[in-house]
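What follows is a pair of complexes built around subunit A, which joins subunit B in one and subunit C in the other.
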Partner chain A sequence: MLNLQPYADPQYFLLLMLGLLPVMIGLYHGRRFKTYETLISLLFIILMFTGAKWQQGVALIGYILWQLAIVFGYLHYRKQRNQTGVFVLTVLLSILPLVIVKVTPAVVLHPSLLGFLGISYLTFKAVQVIMELRDGTMKDVELMPFLRFMLFMPVISSGPIDRYRRFQKDYEQVPERTQYLGMLERAIWYLFLGFFYKYMLGYLFGTVLLPRIEFSALAARHMYWLGLSPALIGVAFVYSMYLFFDFAGYSLFAVATSLVMGIDTPMNFNRPFQAHNIKDFWNRWHMTLSFWFRDFIFMRVTFFIMKHKLIKNPIRVSQVAYLINFLIMGFWHGVTWYYIVYGLFHACAIIINDIWLRFKKKHRKQLPHNRWTEALAIATTFCVVCFSFLIFSGFLNTLWFK
Partner chain B sequence: MDKKATVLSILNDLTGEDFTNNLDEDLFASGLIDSMDTVQLLLQLQSQLGMDVPVSEFDRNQWNTPAKIIKKAEDAD
Partner chain C sequence: MTRRLWQIFGPVILAALLVVGILLAPLPNGHISKTRLQADAVSLSPNVLGGARVKAQALAQHYVPFLGSSELARMDPFHPSTLAAKYHRPYQPLLLGNPGTQSLTHFVDDQSELNQLKGKKVVFIVSMQWFTRQGQIPAAFDMYYSPLQLSTWLLRAKGNVADRYAARRLLQMNAPAKSTLDRQSLYQIAAGRPVRGWARLALQARLRMLNNEDQLFSRFTHSTNWRRIKDGEKQLPAKDEPQQLEQLAGKIAKNKTKHNRLGIDDTFYRQRLGHGKLASLRGSQRHFEYRYGPEYGDFELLLQQFAKNHTTVQFIIPPINAKWAAYTGLPMGNYAQAVAKLKYQLASQGFTHVEDLSRDGGQPYFMQDTIHLGWRGWLAVDQTVDPFLTQPQPAEHYHLNDAFFGTTWANTTNVR
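What follows is the complex of A and B.
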């Protein structure tokens, strides 16, 4: 039976555009064909889970029912009461399936039956809705809009992670014709930029160069202390390029497809390798994820600590919050030593970055600032980031322990 | 002290800058405040003006200039 993985091959893009043609015609004439859109989205989601992947499809259905019960159960509760304990329990129940899916491979060495492609991204969305219900910024959720938000087809497998209220506003507002034509123009540009990123540059770095340079690094590992050969530096840079072009390419496809459907899904990358420092980097790299972490973990943790005066010094508060934030991000990637070290590495990097920024602020007059110091800042940030991606890649695990 | 002056003094404490004549300065774009300062801003608004702003209410596009924050404070009651 036909199986279609999102944005995986030319056939997918052709069928996708064909399937979305009626949606485009409708939006061009100022109408959103809601039923058609729902059906075609469901069809593409079903085709992701046909054949050997049917178990994942069943897991997805079970997962959605689980989240529905939790979110609507909490909504019902929240309309009458608002206890912190219940809120915490609700969030824990909501992330439970994801925790099981992430922990299972580390314990029993095979993937969990509860897993399916996209589970993390659906969890981010569900938790966000629960947090907003808790804060009262969302008073109500309705069944169909919630399902539409959770299962929005263009982004279901790997984001970008949208926000409920933003998504809902776009969905209910049909863009004006000139505005929609502008969206289509952007969609076409993103689509082709995505092809260039993912299928040319991503292919060049990931499929052509990476295996060769990894081979060299493995061949040289006994000649250098800890296998730290020149080729390993090459692995760090080549892998980082691959990671960016592959993921940024995918994200461009997801944003382009959303735009075709009249939804302005937020962008995921903004020239991350031009970042001046690590903080700047996280405002440019996988933005919808880092903003999610900023808004729902970092800020909530700092708010909680400061409100309850658990730690007096604001600098110390931010350092603790960074550690918690990036450790959770590390665990989210998977329960392996290298993801957790990657999280800790970024926490330390951003803490050091903050110390430097404070020093700079105090000594603004003594420190030179020109295009050379800026170039140095960008180059340093780039190297630190590429090293972090070497940790993230898991290649050190192969190099040292296999 | 009126609300405008209170907000300006909170911002002054956080950033070390006086915004009296720069009410439309973009605080996030210029890097003058970050997430940490934001949390302190919300806590100060709460303790000094009694404004209860939950973290998830904080949309950066609606809070990015001193003028917008003053407006929020004035509209609060």
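What follows is the complex of A and C.
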């Protein structure tokens, strides 16, 4: 049976564009063929889960039914009442499958039967809808639009994470012809930039260089304290490059495919290695995820602490919120020591960064600011980030414990 | 508007046509220069092993394939490539193999040149270390996996016993199972049918594309090994005289093995066994087992290919460093049984050129390190290989036996 993993090989792109050709022609003539679009999207999603992956497909169906029950149950409830307890319970139920999928491998050492490719990203979307219903920024959700939003084919496997209202607006509003041509132009550019990123640079760093430098680092580990060889520094940088180009390439494909379908899915990366500090970095790296965490974890934790006056000092409040925010992000990546340390590392980095920014504000006159200090800031941030990705890569786990 | 459409999609369509055109066009193969071939023949690069162009052109000249694995990289002055180059022998080795290339990898990766070897000669260095319970390590297979060579075989396979065995074994590796086309074709062959219909057309198109890729990109193989051969040549005496070479080998080896008691090359010792690592390896091979496993069947695949093409093969079974074997507790009795089993498989099917060096692991300066030939070991190989390749050999009379694919053979030590 044919199985198509999203953006995995040239055939996929060919088939995808062929499948989307009627959609393109429709949009060019100012019409959205909703039924066709739904069917072709479904077909591509089904082909993701054929063959040996059928269990994941079943898990996806079960998961969608579960989220439908929760979201529409809460919608029904929210129209009459608004208790915090019910809201919390709803969110917990909504993230329950994801929690099970993330914890299972750490406990029983094999992947959970509930898991499927993209479960995290679907959970982010569902939780976002629940949160907005709670806040009243969204009054209503309809079945088909909700399903369409959850199962939007280009982004189903790994994001970017769109927002319901933004997505819905794009969907209902067919772009003008010139506007759509602009979108197609961007789509082509992103597609080819993505090819360059993922299949050339990602390949160079991930397939050609990374195994070699990892091998050197492993071979030299006995000669250095904790195996901290020069090659390990190489691993950090090479892995970081690989991670960026692979994921940014993928994200570009997802955005490009969305654009072809007339949906302006938000971008995930904005030159992250040009960031001047860690805060800046998180405004540029995996943006839809970090904004999701900012809006639905960081802000909410901050409000909660302030409202209940748990901590008086506003600086302490944000520090605690950062810790919780990044710790949750760490756990979300997976229940292993290195993901959690990665989260904590970034929390510490951003807290230190905040202290420095306050210090800088106070001593603005004494501190020099020119292009050299900026270069220093960019280089420092880059190194800190690459080190954090070394932790994230799990290579230290191999180096020390295997 | 149409203008704008063209501006957007025109370049893409053009690029696609160009790429497809170049990849599917019957490109000329391009002549490889003499110096380039010299370098490629000793590069040990996976591009050469898995490619077709370099091998085809080398074999059309005076090159002879030397199949093997990690020992091929021991390029001291007595390495077959060095000796052949220095003394202008009528043959020059085309080294095919690397750490981890066992029988199954060779079986797949040598497909393109097998037809070219009709009535020709091959030297095959068979390491007993391949014959573990697991056989071919899947990760190593993936590393040397060549879709080009596999496609060649898939199109060739008819579904006989050997083909079915090979298909089943290949499905146990990771790389071929990942591609739908490979997987489906392998299932076909495993079921005893040749690949037909669309799959066959797809394989042919893919083979054409991969051959073109090979022809375009095999130019970028980079290796500095030829320099090592040249350095070795400088140390050799002007005359090809066995006794003189033997003496020189002893002298060079003595200098290189001063700082350890196992007779191992000092650099190797320092890098791989130094820093207390050796002590942790004492007795570590007590349970090593080379007598059983799928490698015997995989090896049979190669034997049958050789027989079908009437290729005359000189097999060489290198020894294990005796001091190392004693230190690590390798059960030598079992090892000898494994060698005997392998030799039975060869002799009973009519392969007569077998140089068994397996009992020479204790000779001084025979091994460069733990399990790899060096200095005098290479000279011993040369004693066999040089006459084998330079003198005419009577045709072998093969009588193949499919039972060597079976689990009964894989699990027996009873060779008579």
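Note that in this section the second predicted complex is superposed on the first by the 402 of 402 C-alpha atoms of A that agree within 3 Å, B and C clash if a C-alpha of one lies under 4 Å from a C-alpha of the other, contacts with A are read in each partner's own complex, and residues count from 1 in each chain.
The criterion applied here is as follows: a residue touches a chain if its C-beta (ideal position, glycine included) is under 8 Å from a C-beta of that chain, and two chains touch if they have at least 3 such contacts.
Values in this document were obtained by computation on a predicted structure and should not be read as measured data.
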Which superposed partner A:Glu374 touches (first subunit B, second subunit C, both, neither): neither
First (subunit B), second (subunit C), both or neither touched by A:Thr302: first
Partner chain in contact with A:Asp135 - subunit B first, subunit C second, else both or neither: first
Chain touching more of subunit A, residue-wise (subunit B, subunit C): B
Partner chain in contact with A:Glu185 - subunit B first, subunit C second, else both or neither: second
Contacts of A:Glu176 with subunit B and subunit C, given as first, second, both or neither: neither
Sites on subunit A touched by subunit C in the complex: 2-3, 177, 181, 184-185, 188, 192, 219, 222-223
Subunit C to subunit A touching residues, read off their complex: 1, 4-5, 8-9, 12, 180, 271, 275, 277
Parts of subunit A lying in touch with subunit B, wherever the complex brings them together: 131-132, 135-137, 279, 294-296, 298-300, 302-303, 306-307, 314, 317-318, 321
In the complex, subunit B residues that touch subunit A: 34-36, 38-40, 42-43, 54-58
